[in-house]
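After this come two complexes, each holding subunit A, first together with subunit B and then together with subunit C.
Showing the complex of A and B:
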């Protein structure tokens, strides 16, 4: 026989952990949100479908290596080839990370706790970065494991793989900073999705236009700068400069030297500044 | 011991002074903060949470300074905002567990506390459903639960009865009273309705346009003026005149006379006066005095 007792209110005298713990917990919570974990099933469809699409070329690559002893997409070019999928993932999931807290005014519930606005934004950027990194790094790692198992002729492309992983992280930081900044300025989810995708399309569409104009007038070196308008080619050009990988631009080369790396750092800085501005305003509300 | 104390606290915005030279102390228990909309209640709470720097003066919460020790204050207090603040697509349980972690509780403790607190505020099975489908009353309970989940020593409740129907209002008020007594957590609760605060508060602070109008124990409010309401069939004016003659304070409110009770002799005088004037006494009623009346008088006097 069991009885239910009303034991009344109990006080909590256990540990209260510091801001490091809260920030990690918020990062994990946001990361779960990106993939729709702990949310209704419909929130899981898009992120997981895109993840599967990212895995398909990896599977094809492994099959080609196993059956035809041939390499498919190079590690260094994977992100550029799959850029549309990565961009759609960013556009559809970045609003899920930042928009609800702004739109439904959940932010005051965080700020009335020992969570500072800097820790809040850092956790959100970290969560989106990890998600994008996983999106690119998991297929790369799958191919690499496949390459080791298949035992291709010649030494495994470990260096290129490691470089591609590092650049995947850099790309993830750049994309998440910009994606979150755009999404935070448009707290309605649909608008957030649209604004991120529009900025990506503009940056992509402007590349062939600018490139074409300069290439036709015979100014090849000026034309090469056009590639840097698109974040994926920008990161690829940094990779090309750092690791001497072949450029994965559609035609032509990238500008020589560290210029693209400088642009990359400046862009990340601009994105962070935009986030800081946006959240300083949101916190004051 | 003071739970919170302000000294000449001032907050000026470019166009308006929200808090003006406010000096007030609050002890343990349930304290009501009363004022019309825009009186500066929410601004005051934001300052006390250390989220808004004051323009002048000082404030201490749980003996911590609001400008330099905001983070420590926010570790020890809970806050229930006035506005809607709940994401619709997560369940109450998930949200409250998450926010407990944001207050520094380890995950298992956060789960236990969330279950406990949600039970105390009266959310049963529905706590596993997404918040989007909740009624206003249930949402207010979730907002209260998240303010309590880390077992704070003091909670700020900003207009907790907003948007509730009369029954929901009563339940919320009883819950707040329990928090102050049974749970042993001090409460600062704001409202623009005095009537509901007098039922649950030990102490009431009245502010208007950011200035302190009055701060006193609830007993003083209701004891300040005892009145008796007299209704006679005809001859209200002669009765009023007669009573005034004998040194009573009389005011006419419609068909009724409100007489200030100076002592037991007041009742005798009313009885004698009606008898002398041969009036038909319909009603003699102990004044149902509300702090609202005090508030009205004081606003009129300012």
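Showing the complex of A and C:
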């Protein structure tokens, strides 16, 4: 004899929060992951140590303004000067955003919910972008607040500060799109870290040499294009085109006009396309 | 040296995406040299600059990170190292085998392209090519030992290795002269300086310090990694 028992399953009739909510939740979760929040203490050491290193020049800047009435690193040049730290942060944390989901094959679980690939990828990119933006913008803001408090002679450099913030956002988008695209090609965290840093170092170590070699052979205009091979100098050249800030390249200037802005937009497009292709394939498995 | 372990390690390193990274760096070095040739700036000055800044200063530490941690860290990450450790092979021997694999990769992907690039630029002038090739070989072996040790000690081996390679070797070594004494790339430059007679190459560290230091780091790294693996416990991470 069989009998059907009522074991108390109930229908859900609470509010449905929709795809926007799940995307925001995924973004917040990824952002917390970048800084190791909600993970063991070992995962917090590296991101927070790098964050503190980024704050050190800001503190030195404020001290210089307070004691010697002198400006240290300009707002517009902060990201370029600190590029090694930002690159290490990107390399070490970008795999933490994308690698675990690929490695443990949980992507189908996400996609079985009302989260599409586009939403998943944009949540990851947004999280990494916010993290990188904070990494650059917090020290900048600290210096700016310091400048207002110290009350330097002359008007505060509000325009330069605002421009630097905008460019920090652009830089964060470029770096996170490329960093995540590179890191997502392998499910291994170590290999992801290595591939991001290799690509960055290829661009940063070779650029001054390429510039030097063209400049020595008397080809100054060709030499200036060499700076655009590195993401930090590329964004800086867009900044100097948009806001007329002095170039922060090691030597020489950038090519004039909007060419660097066009390259920047094209590069972001390429990175997004690579991410889209990668995740279309990863979702199929 | 255990040939089976060596074979497995070679296959794991060369059969996957890691080889793209191992190839990318030497190819970039050769590409830069070709660019220099095309522009017509292939003299001793640029050759020494390219060798010391790019080959020894950037390419070699990164290759060391990729090859040195690559021979053991993925196995520890996946937990497959347990199959290797449960076999009747002494663990120091496993480490020695993996070190030899990493060192041979450093020679193939580090020292050979270094020699080839320098030769491409200036031929065999003043022994620059031979000097830097030997320096790259010795430093590559030392890097392999250091990063192998790092791969056994920590799960974040690649990140810490990259920070060491970028911050210590490049930035601190560049600004604080005293730190150069404890930097593998400057020991390599010392070796290169011994062989080459070029006036553009100057070493900051004496040979009597560099050679014992290189031997100490290499032997110490391999022995310590062997000791660590003997008392190794597999624990979860994240």
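Criterion: the second predicted complex is superposed on the first by the 273 of 285 C-alpha atoms of A that agree within 3 Å, B and C clash if a C-alpha of one lies under 4 Å from a C-alpha of the other, contacts with A are read in each partner's own complex, and residues count from 1 in each chain.
Just so it is clear, a residue touches a chain if its C-beta (ideal position, glycine included) is under 8 Å from a C-beta of that chain, and two chains touch if they have at least 3 such contacts.
Computed from a predicted model, the values in this text were never measured in an experiment.
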{"item": "Partner chain(s) touched by A:198 [first = subunit B, second = subunit C, both, neither]", "value": "second"}
{"item": "Touching partner for A:213 - first (subunit B), second (subunit C), both, neither", "value": "second"}
{"item": "Which superposed partner A:100 touches (first subunit B, second subunit C, both, neither)", "value": "both"}
{"item": "Subunit B versus subunit C as contact partner of A:190, first or second or both or neither", "value": "second"}
{"item": "Subunit B versus subunit C as contact partner of A:114, first or second or both or neither", "value": "first"}
{"item": "Subunit B versus subunit C as contact partner of A:46, first or second or both or neither", "value": "second"}
{"item": "Footprint overlap on subunit A, comparing subunit B with subunit C", "value": "39-40, 43, 100"}
{"item": "Subunit C - residues contacting subunit A, complex", "value": "17-18, 21, 24-25, 28, 32, 35-36, 39-41, 46, 49-50, 53-54, 57-58, 62, 65-66, 69-70, 73-74, 77, 155-159, 162-163, 166-167, 170-171, 237-238"}
{"item": "Subunit A to subunit B touching residues, read off their complex", "value": "8-12, 14-19, 21-22, 25-26, 29, 38-40, 43, 100-101, 104-106, 108-116, 283"}
{"item": "List of subunit B residues in touch with subunit A within their complex", "value": "49, 51, 71-72, 74-75, 77-79, 81, 83-90, 94, 98-99, 101-107, 109, 113, 116, 120, 130, 146, 150-151, 182-184"}
{"item": "Subunit A to subunit C touching residues, read off their complex", "value": "39-40, 42-43, 46, 84, 88, 91-92, 100, 185-186, 188-191, 193-195, 197-198, 201-202, 205-206, 209-210, 213-214, 216-217, 219"}
